[in-house]
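Two complexes, one shared chain (chain A), two partners (chain B, chain C).
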Partner chain A sequence: MSTATSSIGTGPGAWLGYVGSNAAALPGRYATALRRRPGRTIGLTLVVLAVAVYPVLGHYVLADFSRTVFPLPFPDDTVATFMTIFAIMAIGLNIVAGFAGLLDLGYVAFYAIGAYCAAFLASPHFGALGINLTFMGHVGPGAAGIHLPYWLIAIIAVIVVATFGALLGAPTLRLRGDYLAIVTLGFGEIVPLYFKNLSSVTFSLNLGPINIALQNVNWTGGVQGINPIDPPFLPFFGLVFDARSGPLAVYLGLFLLMIAIVVALNLEHSRIGRAWGAIREDETAAEMMGVNTVRTKLLAFALGASFAGVAGSFQASYLGASTSDFFDFSISILVLIMVILGGIGNVWGAVLGAFALTYVDKTLLPYIGQRIGDVAPTLPNPAEYNFLIFGIILVVMMRFRPQGFLPSRQREAELSVAGLAEAEAGLGLPAALENVEIAPPGQDEVSADARTPETPGEAREL
Partner chain B sequence: MDQLIQTLIIGLANGLIFALVALGYTLVYGIIELINFAHGDVFMLGSMLAFGLIAIISSGGLGVFSITSGTPVLVMGGQIALTLLICMVAMAVLNVSIERVAYRPLRHAPKLAPLISAIGMSFVLQNVGLIFGGAYQRTIDNIFPNTNLLEPLGITSIAITPAQVFVAVVTIPLLLILTWFVDRTRQGRAMRATAQDPDTAGLMGVDVNRTIALTFAIGGALAGAAGVVQILYNNYTVWNLGFRFGLNSFTAAVLGGIGNLRGAVLGALVIGEVNALSDYYLSPNWTQAIVFGVLIAILVFKPTGLLGQQLADRA
Partner chain C sequence: MTAEAGTAPSTPTGSLLTGSIPDPDVLVRARGITKRFGGLTAVNDVDFDIPRGSIVSLIGPNGAGKTTFFNMITGYYVPTDGEISFDGAAIVTRRGKRIRSKKPHEVTQLGIGRTFQNIRLFGTMSALDNVRVGSHVHLRSRWWDSIIRTPRMLNEEAASIEASMELLRLVDLEDRAETWARNLPYGDQRRLEIARALATRPKLLLLDEPTAGMNISETRQLTDFIRRLRAEHGLTILLIEHDMRVVMGISDRVTVLDYGEVIAEGAPDEVRANPRVIEAYLGRGPATAS
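On to the complex of A and B.
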């Protein structure tokens, strides 16, 4: 984290997302395209406005309005909180998949680790082991189990999950494209399996002075999961942000989301962000230009995962429970659809995609299902077949609009520059030579020598 | 020792079913370098269709062939053959349609686009299975007698059931026919040529689109056959069966060296044994984690698999 933040820039301007100094170093049209970014100002203003007016508008105006006048239902507080949780996840996946171009199909693993961080550190769970530690927690001193304040847990979750992100990312460093996707998918399946199965651990280790003997220890709560988990709690104001707190939890979610957005936007236009763009476009070329690909990719995995750590720990604290069954492959895909729908590579797109899809999934479809159920109870309930709709969205998006509805400005700029260069090259070259140019990297002698011959990745090399 | 042999026999039978599905993955990857994520779900729909044809109406099937353990052997054989034929044709048609709708338009797109499209297709097929079969496991009664075929030989501690023989009788000829088809026929040569270099194959007069469609048809037919074997041997199907089963089979294809037909069969047998051994000696809870561990280890350390590339050899 520290390496990335240090390169963002200095002064308060950097935190508000002003990156003029970075853009100034770039030549010509590209620089102006980067400097003129009204979207950010408008977007940030909208988020701030939403935070300010949400409870008033939501509770006293829009809910009634939608009940009586407007045909679409208004999301309730739980759905609104989940909108912010999924938006944070989508921003994180967008860093891995959008900025760095590493398709992560196991993102749910980090969500799960984040949730279990909160479950371990703010519940009576470890009281059974005789581990009792209460520090500024929601419960009084002397309670069974570990009880840390949520704010501390969120920071711990970020660190733990970022570490796991780098650990799980490390074996995939040599892989590219679809093989990388499948390996991350494997991790995404294994991690929740661990949380599900480690409900009775028997383990003994005797190393002279260190003698550990665990007999049938319930480590993760198994299928039942862990509950109750302490809610986020603001001690001096007596505010509790749990499922019964109404719009308060939405406020906290929006607050975390704003931090996530600002961090992601600054990462995008930082030195590390440009390095991600470089390895996304052409890893070999980036390496030639001095980008440390190992460090850059590990940072992408770690930083991207840390957002899921925040989302997961917030969700577990908010709901007061963490169960292993929740962390299913479909969550990874749901977040991926959010990112793709919004426009892969664009932070605002990810937020918009997450809001829209969570709304459709948790409010609109059940509402339609209810309406259909009122009229014709025998017809299928669309809420049960939500993934039929999401699957169709994926297929259709890939076919007709792979860049999403809010395509990344950066990518558009890159594409237009690339298109220009290609057009110029096309004019100067006879047609016969073009085929030579198209030969993929790794087939000509230079790259074959430069890389290890067994580099897995593009399948044509296998 | 007897228990070990018994476990290995169970693993062998499951491995043969994996082999049919793994071939679908390896054929498609060999020819268009796509991890056909929806393939496991095609297998699931095959087993759903077989369930519908075989199960009696009262248990949710269509009862077309309603085979029970009391059916005369010859009639039963004919009904199973017809079920196989219908499921294989239906899944071949389905798989070709999927290729047409979801993959062909993306053939020249960046490589991850068809993979994401395949994931979307997988969810669509799962939900079709959910609509067709409901949210719970659909089971049929075991139609094979529960006898031990080794008993006449004087062995009682190890059992081979007629159901296991049935698995071998269906799968092994299919595997042999496929090998013969790819190695010996004109169409098979077209497939190998397209896998090596689609552009040059096209210049040499191979109809590339038709060859790719044929590959999907073969993969779908094998998945359909695997679905029938699944319902008759394991006696159950469920809408999300394809995900786990598909990942097992994909692991098998990768283990054997993706693109390599014999490798896929070998890998499937190994994965079948890994499943059976882990189920018995460790815990069924951990089996999936072990299979994923195998998958990750091969992809990271030896992505060419046990037998390396043959079909998809494009270096």
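On to the complex of A and C.
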């Protein structure tokens, strides 16, 4: 990295130069990565390839293949779209929980806010209040309600959700650990309840010149939610990305997912990413080294939340409806499980975890249920017990592979056998070994120096 | 430079912090610093000056309040009472009864770097990244620069890598740049912590027991290194140290704390001969003990 970046000058060509030098270095880097971690790199390549070719291949080849030859069902386009939606959310939560180490149990709130952004700004809903605004919308001019193009809504949703993330974070991020989790849990419960209950708002404000009086205003559509919502629409090509568009919507989802991955990876390898890592490792030391911890954590919260804004607005536009039922507390947990299963702290792990769990939830379990139903209709349908099954998966994972499918290097070291051995070495070696350095210099060797400065779990003070 | 054994009471009027011209000779000026934790007075009415360009040691028995004093200079603790100024800027100010302190990251920005008594590196980050976190305050790129990788951000990152490698070379760790901090041997970790503190480009470096757990040759190397830091980089250094050979060898001035109070202050030889210091370290003589 140092050699690639050190040759850059200033000016508009620098960025292209950087991209060019990186692209040129790609095969070499890939070969290095392959030598270091063959299994992981091959697996990753397969995932990337599968994702890239799925929409076409899946539609025309693999669906038949799985129906006749392959024992497992292939995800249909709706499931595939939801895979990308959940992957975007998992990447966002990974920024909060994985990079910065902040446990956020109310992530669904941001998802809901994103979805209702789309619902408010691209539906006839506000037509009932006499608010009509159409700007490059999917509908013709003069339609009731607000109709903005999805692309604009996605940007608005990012800004709005990031603002809410910052608003939630500002008073709570002085808390650490469990307390933060409890507060975010509350936020995750409150926001969907708001959307559920604000269907009949009566409100009056009399402040001299300001005079607001609302009588039974249906703001969020209540339990019924808001529909129809305009689908994402590409005017010049006449492409509509709605639930009937098949693989088209999957491609849009993949496009958004790609942006999310690039943004997350860029954030990870930057000044702010290092600051997050420092906070995760040792918040006090990070503060002493000049990291404004409150601000940096707030940024993690807001940026992480904005991913849910994209996912939520896309979901609502894609389905054409937004109901409060969808934004259950369980979504928060589901996304967290995705991040943990995939390997917390790793962007690719979050994507893989989201893909796997969405597939199991929306394709595999219903399929198994159907098969069981064919044979013995009285047996319980596993699709109704999905959270029980996720729980079992999680427990099994924690027992056999706690670092997740694709662990970040950090978590792997923390949770692997080598990490335990290192910790034991730090505890147990006698002081007579002072100054004896057994391990040669290198990344993977555990230093055998007896005077490991501290033992894990030991109470530390400055 | 006159810190008289905690006797001179600090006067709230005539504050040295309001509009005063920074004293060219004094880098840190602490007046009437007191810190109480509940009923325990850890530091009691300490006056303390650090002359610019000097190496000052803070010594005393365990629990004397040395690290607490460190933590107040760096903004980690807010003193119960007192005032601290650094290079003409106020770290701790007193307005009436209220004591206000700058936050640790603001203090770091002013130019105070520190190491920790128990090493507190970012364990699963590489040695290089540890140092680069230290240079955090001097990087200007924002998060949007990071997302779209602006030339500004890329140039800054490249420069920061260069500068950080330079610091690693200074502490003799450049071949360990990619090693995780927690996989480094103990002595290397100590030196990496100093490199990380130097990356904040401090004017004042606070070293909390830098030679703890080191053998004689390592200690000698580190002592030479500290001298070099002052000579070549013009740093002022405040040291907490238990190894008397180090303290007496490199300090210009030594301040002795006991039960949170300054019991002696002066050149190393004076302090060594001071009966109160001997008493604090060894206890009273047999005549009073029996």
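Note that in this section the second predicted complex is superposed on the first by the 351 of 462 C-alpha atoms of A that agree within 3 Å, B and C clash if a C-alpha of one lies under 4 Å from a C-alpha of the other, contacts with A are read in each partner's own complex, and residues count from 1 in each chain.
Going forward, a residue touches a chain if its C-beta (ideal position, glycine included) is under 8 Å from a C-beta of that chain, and two chains touch if they have at least 3 such contacts.
In this text the structure is predicted, and so the values were computed from the model without any measurement.
A count of residues in chain A touched by chain B and by chain C gives the higher number to C.
When the two structures are aligned on the shared chain, A:Arg174 is found in touch with chain B, with no touch to chain C.
Contacts of A:Gly391 after superposition on the shared chain: chain B is touched, whereas chain C is not.
Using the contact criterion defined above for the overlaid structures, shared-chain residue A:Gly186 touches chain B, although it does not reach chain C. When the shared chain is aligned, chain B comes close enough to touch A:Leu336, but chain C does not. By the touch criterion defined above, A:Asp374 lies against neither chain B nor chain C after alignment on the C-alpha atoms of chain A. Residues 454, 460-462 of chain A touch chain B in one complex and chain C in the other. Those residues of chain B lying in contact with chain A across their complex are 29, 33-35, 101-102, 105-106, 109-117, 119-124, 126-128, 130-131, 135, 243, 247, 250, 254, 258-259, 283, 285-286, 288-289, 292-293, 295-296, 299-300, 303-304, 309, 312, 314-315. Looking at the complex, you find that chain A touches chain C at residues 1-2, 5-6, 8-12, 14-15, 18, 263, 266-267, 270-275, 277-278, 281-282, 284-293, 299, 303, 409-410, 413-414, 422, 434-435, 437, 441-443, 445-447, 449, 451-454, 460-462.
Interface residues of chain A, counted against chain B in their complex, comprise 103, 105, 171-172, 174-175, 177-179, 181-183, 185-187, 189-190, 193-194, 196-197, 329-330, 333, 336, 340, 380, 384-385, 387-388, 390-395, 398-399, 402, 454, 456, 458-462. Residues of chain C that touch chain A in their complex: 67, 70-71, 74, 76, 103-105, 108-109, 114, 116-125, 129, 132-134, 136-137, 139, 141, 143, 145-151, 153-158, 161-162, 165, 175-176, 178-180, 182-186, 189, 196-197, 199-200, 208, 213, 215.
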